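The structure appears right after this line, and notes come after that.
Letters A, B and C name the chains as they come in the text, with residue numbers starting at 1 for each one.
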Amino acid sequence: MRKVGLFVTCLADLFRPRTAFAAAALLERAGCDVEVPRLQTCCGQPAYNSGDTQNARRIARRVISAFETFDYVVAPSGSCAGTIKLHYPDLFADDPAWRTRAENLAARTCEIVSFLADVCSYSPRDVALAASATYHDTCSGLRELKIERQPRALLSSVKGLRLIPLPDVQSCCGFGGTFCVKYPSISNAIVDEKATNIESTKADLLLGGDLGCLMNMAGKLRRRGSAIRAFHVAEILAGMGDGPAIGEEP
Amino acid sequence: MTRAEADTFKARAGAALADHHLKTAIDRTTRTARQKREAAVAGWPGFSRARDLGARIKDHVIENLDHYLIEFERNARASGAIVHYASSAGDACQIVVRICRDAKARTVTRSKSMLGEEIGLPHALDEAGLGRVETDLAEHIVQLAHDRPSHIIWPALHRTREDIAALFREHHHTPQNSDDIPAMVASARRQLRGGFLAADVGISGANFLIADSGAVCTVTNEGNAELTTTIPRVHIVTAGIEKLVPSLPHAFALLRLLVRSATGADITQYTTFHCGPKRAGDLDGPEAFHIVLVDNGRARMLGQGLAEMLRCLRCGACMNHCVVYNEIGGHAYGGVYPGPMGAVLTPVLDGLETSRDLVHACTLNGRCQEVCPVDIPLPAMLRGWREKSWAQGLEPVTQRSFIGLWAFVVTRPRLYRLGAGLAIKTLRLFARDGWIRALPLASGWTSTRDFPKPARRTFMAQYQAQKRNRGL
Amino acid sequence: MSARDDILAAIRRNLRREPSDASAIRTAAEALALEARESRPSLPGCDLAEAFAQRLVSAKVVGASVSHIGHFSEAPGEVRNYCDAHGLAYEMALQPDPALQQLDWSDFTITASIGADQTLAVAKARWAIAETGTLAFHSGPFSPTLMSFLPLHHICFIERERILAHLEDYAAAEAGATPPRNVNLITGASGTADIEGALVRGAHGPAFLHAVIVDAGEL
């Protein structure tokens, strides 16, 4: 049995526990032995992308220590998985011992949907949702981890779900982590264009694999008065599409 | 607003965002550019291999830059060219102005060159009292409008056809009768022909410097480079030293990538190799041929972890595909080079202190690298500048303290859990109907977007409770 | 120290190495050039003249047309046809190439040099490249550069056996020869997309390019 450490991600922990529950449920259905290490917090991306490598390394060492005993580390986020998989080894370029540990962990770190499809050959059975949805490829997942085919393949086995292609799907939504805080007006202009494209699909649902991007797009859609509801793709695959969408927390 | 405040990146970007006319102009050009590039790449099955090879050709040259510089210089001299070296932008301009003065030049034609813009050559020629005629249509528009280029392939991209029609009616001696684009192009053709014929000196850039022959390659679609370099008595090339390639086949391999990435065509209409001055018996061509090889920070980049940036072919694909560029346009960047490649280069040219905003104003979405024909790791390079900015203490105190405090908390899981629980409780106080419409300290977000209300308890708290209930 | 020495020293200092071995560099460069042949665009299965002609009239090339003649002696008739079709007077600048000059152009007013507002120029290209639909000209006593850039209409004759497959084949065909002042690789008519990205032909150079493939050098 695959022993998987679930990397919850700080956004799921704070804002959207349902995403992490969905990820845990999917991993169990795919036959994994799931554990949620209690010592985890954040992958350190805000420090890393701000140029604070010293703090990024401190955080990375903690993540490596907390997760290195598992067969796999799985995160419901292309962005956090990408940080561990691609950037941790770079952070320890001058520290051979830690670099080896970082590379070791990187090799076993995956984003949830691609892990289910590529490692577990899992696809949801008996999951149904009568709705139309459009899927946005979040950038880290798409470009750092090459996740494009897998979510579409898995979503196609959800009965009753109709996928509508999103125009200009490869464009970033303008979230960008600290970017949306530092340059809110540019970020807003970008997400406004994204929202126009999403609305043009007339889909019921917006799906994606990263909560930061989803919160950004959902927040913009809501402010524009759109009725399109946003879910993390894992929630739909786990059969949680009938629950509250992002921003519908009780 | 004071003058200094008006000239910050944020102020320029804010002004650009408020200018809907600008957004229309940007979209009209970049949308076409993206579609054409995509079609060109899709029509070339060998593209990804060619792209990988292109990167390796450039890396090979960069690793042996001294060797190729010497080889090029030797062959160019043998062909009759006069080769000059300039360490800085100022030196390069001085050399060009001196050549013009020695030639007793009154008017100078220029064919578009980003290196020329980088070293401030248009300004230097004006200062020296030389009559400057920009011959690239877009540069002509920029010159008439006393403007600055806003894109490296389409310098007048920020202007709509309506703007340009008005500009031509004001400045051309026989302007167009109707304001359709072909009539405007014809008006510019009539206007500029006299300038071509009267020029004493023609100045071009270089797309490639061919080391084994000493030839200089220019590419244009208009044919203005050849009219600029053939008619006057003197032809001056200004070129960055990274433009070297070993030989003609290497230039062709890169040309295929450059043109498809820039305009979506397979080759430019005019690809010309200039080798030395007019030969005995030649019926046209310049009597003197000068090549000014410019460093201007390039050799330094080799030692700053920026060597891969010297692969850049100046195709503009990164900016055409950049979400930030597409919202704010080129002028907001404040440097000569806009977009992702500009955000990497401007700190080299203007210093990090004045351009630190550029390296942060990027979502790191990676599309620029994906469309780059030589796979320059632009996001990683921007992150590299962020590290330098942090290490040099250029980041604002608020930013440093925030990241410092946050890192303190996330490296202490128990403290983090406590803080997380408090944070969501506080946030929930601001929520109505599942959403937060206004949030102190996050007004940047909430002034234009709603923020989702967090769940009642964190995942970790809920998960531990469930485990306890299950008796685990 | 001169600027040249400064720049070379800075390069070597920043590359953190001494000058490398020239023959090793050459070997590496040749390998890279050879590799380019593996990924270059492929040509249609027809012969090169047909591939070149197809390419020239495709949407990939701006403002170009193509026709065939059997022999150079038919060139004046072909130019007359072109002038008739485009409503042009029988006036032209003729490239001083012996193969063209010896033909019977008695119907035409010929200017020896190219004028600034020349309507038509007629020339012979040195090579053509099927991959891109390109005509190659070398400047020289029989071939002024401006003939390709000043006129509104540019008619170019190209002998069938001088049509090459790929850009690299041009480089190979001229390898070892001293390059002329100008090599002009011309692909279609002049164009610009500088106003809103809209493609317009005839920016500064010719608005019309007509290639005539001369099928046989000998009758």
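Just so it is clear, contacts are C-beta pairs under 8 Å (C-beta built on N, C-alpha and C of every residue); 3 or more make two chains touch, one makes a residue touch a chain.
Fair warning: this is a prediction, and the values are worked out from it, not measured in the lab.
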Exercise for the section: If you connect every pair of chains that touch, what shape comes out? Choose line, ring, star, complete or other. Expected result: line
Problem - Two chains sharing the most C-beta contacts - result: B-C
Exercise for the section: Could you give the separation in Å between the centres of subunit A and subunit C, each centre being the mean of its C-alpha atoms? Expected result: 52
Practice task
With chain centres taken as the means of their Cα atoms, state the distance from subunit B to subunit C in Å.
Solution key: 29
Practice task
Compute the distance, rounded to whole Å, between the mean C-alpha positions of subunit A and subunit B.
Solution key: 32
Problem - Of subunit B, residues touching subunit C in the complex - result: 25, 28-33, 44-47, 49-50, 53, 56-57, 60, 63-67, 69-70, 73, 79, 84-87, 91, 135-138, 141, 154-157, 160-161, 164, 181-182, 184-186, 188-189, 192-193, 196-197, 213, 215, 221-224, 226-227, 230-231, 241, 246-250, 252-253, 255-256, 263, 265-279, 281-285, 293, 295, 299-304
Completion exercise
subunit A contacts subunit B in the complex at 8, 10, 12-18, 20-21, 24, 36, 38-42, 44, 46-53, 55, 58-59, 62, 139-140, 142-144, 170-172, 174-193, 215-216, 218-220, 222-223, 244, 246-250
Handout entry: Touching residues (chain side subunit B, partner subunit A) in the complex
Key = 10, 13-14, 17, 323-324, 327-328, 360-367, 369-370, 383, 385-391, 395, 399-400, 403-404, 406-407, 409-411, 413, 416, 420, 423-424, 434-435, 442, 444-445, 447-460, 462-464
Exercise for the section: Please name which positions on subunit C make contact with subunit B in the complex. Expected result: 2-4, 6-8, 10-16, 19-20, 22, 25, 28-29, 32-33, 35-36, 38-42, 60, 62, 96, 113, 116-117, 131-132, 134, 139-141, 143-146, 148-150, 167-168, 170-171, 179-198, 200, 202-206
